[in-house]
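Chain naming follows the written order as A, B, C and D, and within any one chain the residues start at number 1.
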Amino acid sequence: MPFNYLRTVRFADTDAAGVVFFANYLAICHEAYEESLAAAGINLQAFFKDTGVVVPIAKSEAAYLRPLLPGDKLRIALTPESLSENSFAIRFELFRVTTVEKLAARVRTEHVATSSIKKERVPLPPALAAWVTGG
Amino acid sequence: MPFNYLRTVRFADTDAAGVVFFANYLAICHEAYEESLAAAGINLQAFFKDTGVVVPIAKSEAAYLRPLLPGDKLRIALTPESLSENSFAIRFELFRVTTVEKLAARVRTEHVATSSIKKERVPLPPALAAWVTGG
Amino acid sequence: MPFNYLRTVRFADTDAAGVVFFANYLAICHEAYEESLAAAGINLQAFFKDTGVVVPIAKSEAAYLRPLLPGDKLRIALTPESLSENSFAIRFELFRVTTVEKLAARVRTEHVATSSIKKERVPLPPALAAWVTGG
Amino acid sequence: MPFNYLRTVRFADTDAAGVVFFANYLAICHEAYEESLAAAGINLQAFFKDTGVVVPIAKSEAAYLRPLLPGDKLRIALTPESLSENSFAIRFELFRVTTVEKLAARVRTEHVATSSIKKERVPLPPALAAWVTGG
């Protein structure tokens, strides 16, 4: 079951075209990721300090389906998905919420666990692996 | 009585020094302003379209008292204050919330109602004037 | 031949992980796009006002190959590519420049010319079509 | 004599009001600060790593005099000013450059040298003190 994150579009998310700047759709998805980790008791920064493992984003892709305006209410549905013992993907769906919900964007990111010292791929730390599988 | 806005610090708010970038304290205060207007039934963008009046920020000042980290919970207390028939100020206090609250920043902004066509100062539209005085 | 845009990484581009936030790679590519249009005499905003045509980004994808630190010097190489009479893609390569250049990211965006009134696809205005084909 | 930094306004600097978002004037000034330090051979992040001294911004104030649009050319003039052995201020003037220059904003920041371990004020490291006095 996806994790849901609610968010209101702010002026700082938008640009002079009057709508959310394309790169900020990704930033909003990252907030949903942070919130989902926090809900599982994982603080990204403390986590990285304790395990020496960072989980940078290796790839992203996005389909922008609808413009978003200041004040728009969003629901972001996030579903993690295991890729290997070292990596996972996240699928995000952004919905604009009014009386009905309309899909406004689809985003997908890939994350690779990396030793911050050796700079090589390492297995996902157990807490993160559990988060990916919903355990 | 101040309006309160709750917010979690996100990675995108921070910089390589590990804490919230100084300019982003102001962006977070602007979110509180947008939320307070929305709570009073005012949508900034629709508002400007209907009245032809924009209310740009003419001045800001900020005292940064504590660093803020990703995951920190914030309460922003916002108090508008009338300056003239054309302008108002907002005082913001940002608190970091744990078991106790600690004041992390004080921000003040000044806003001036301006005709977007004539480019001159105009009286605050009634709905905004009512928001300023808490009416 | 690609258009080249030079850029220094700034603190505001980075996050608490110490490196450029993934969404900001896309923002930096958009700067290169704006600069390339400007070099061809196209001002995006005036353009949209004159033609009634907006060219929103419909898709993006990115491969993040190397972390980027504050102070890093970047060269962004941009190559537009025609997709249809209504749309084009841009390929971006971000290089970190020291004594040698290392590829730090690959980004691709798709842009669709849209009538801002009728909300339907329209042919690329001539100046933009000429920019795409390098004419 | 002030240090000068040239910058073009980008879409990502602006918001749905069509002009640069007020907090981003401060971010643009910080770029000028980073560039000025770099010109003096100071890399903020390496610097902090080597000396254990961070120099957070304690205060900012800004007067926003003119709106700035995407594509606008800016010159930011930066003048540091010593406040005490532990602290300095920077005055920034942002000019919009066309055939003539018009002052678009005045910004002032205060920076306090702080030991990142002891969390107390310390004297400015010599390289930074020299930068402040123009030496």
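To be clear about the criterion, a contact is a pair of C-beta atoms (placed from the backbone, for glycine too) under 8 Å apart; a residue touches a chain by one contact, two chains touch by 3 or more.
What you see is a predicted model, and the numbers here were worked out from it, not measured in a lab.
Touch-path distance (fewest steps) from chain B to chain D is 1.
Across the assembly, the mean Cα position most removed from that of chain C is the one of B. Counting the residue numbers used at the interface between chain A and chain C, over half appear in both copies, so the two copies meet with largely the same residues. Interface matching across C-D, B-C or B-D places the copy of A-D, with more than half of contact pairs shared by residue number, at B-C. In terms of C-beta pairs in contact, A-B outnumbers the other of A-B and B-C. Chain geometry summary: the mean Cα position of chain A and that of chain B are 27 Å apart.
Inter-chain spacing, taken between the CA centroids of chain A and chain C, is 23 Å. For the pair chain B and chain C, the distance between mean C-alpha positions equals 32 Å. Contacts with at least two other chains are made by residues 11-12, 16-19, 21, 23, 27, 30, 45, 69-70 of chain B.
Across the complex, chain B is touched by residues 8, 10-12, 18, 27, 30-31, 34-35, 38, 43-45, 69-71 of chain A.
On chain A, the positions that touch chain D within their shared complex are 11-12, 14-19, 21, 23, 69-70. Interface residues of chain A, counted against chain C in their complex, comprise 16-17, 19, 21-24, 26-27, 30, 45, 48, 54, 56-64, 67, 109.
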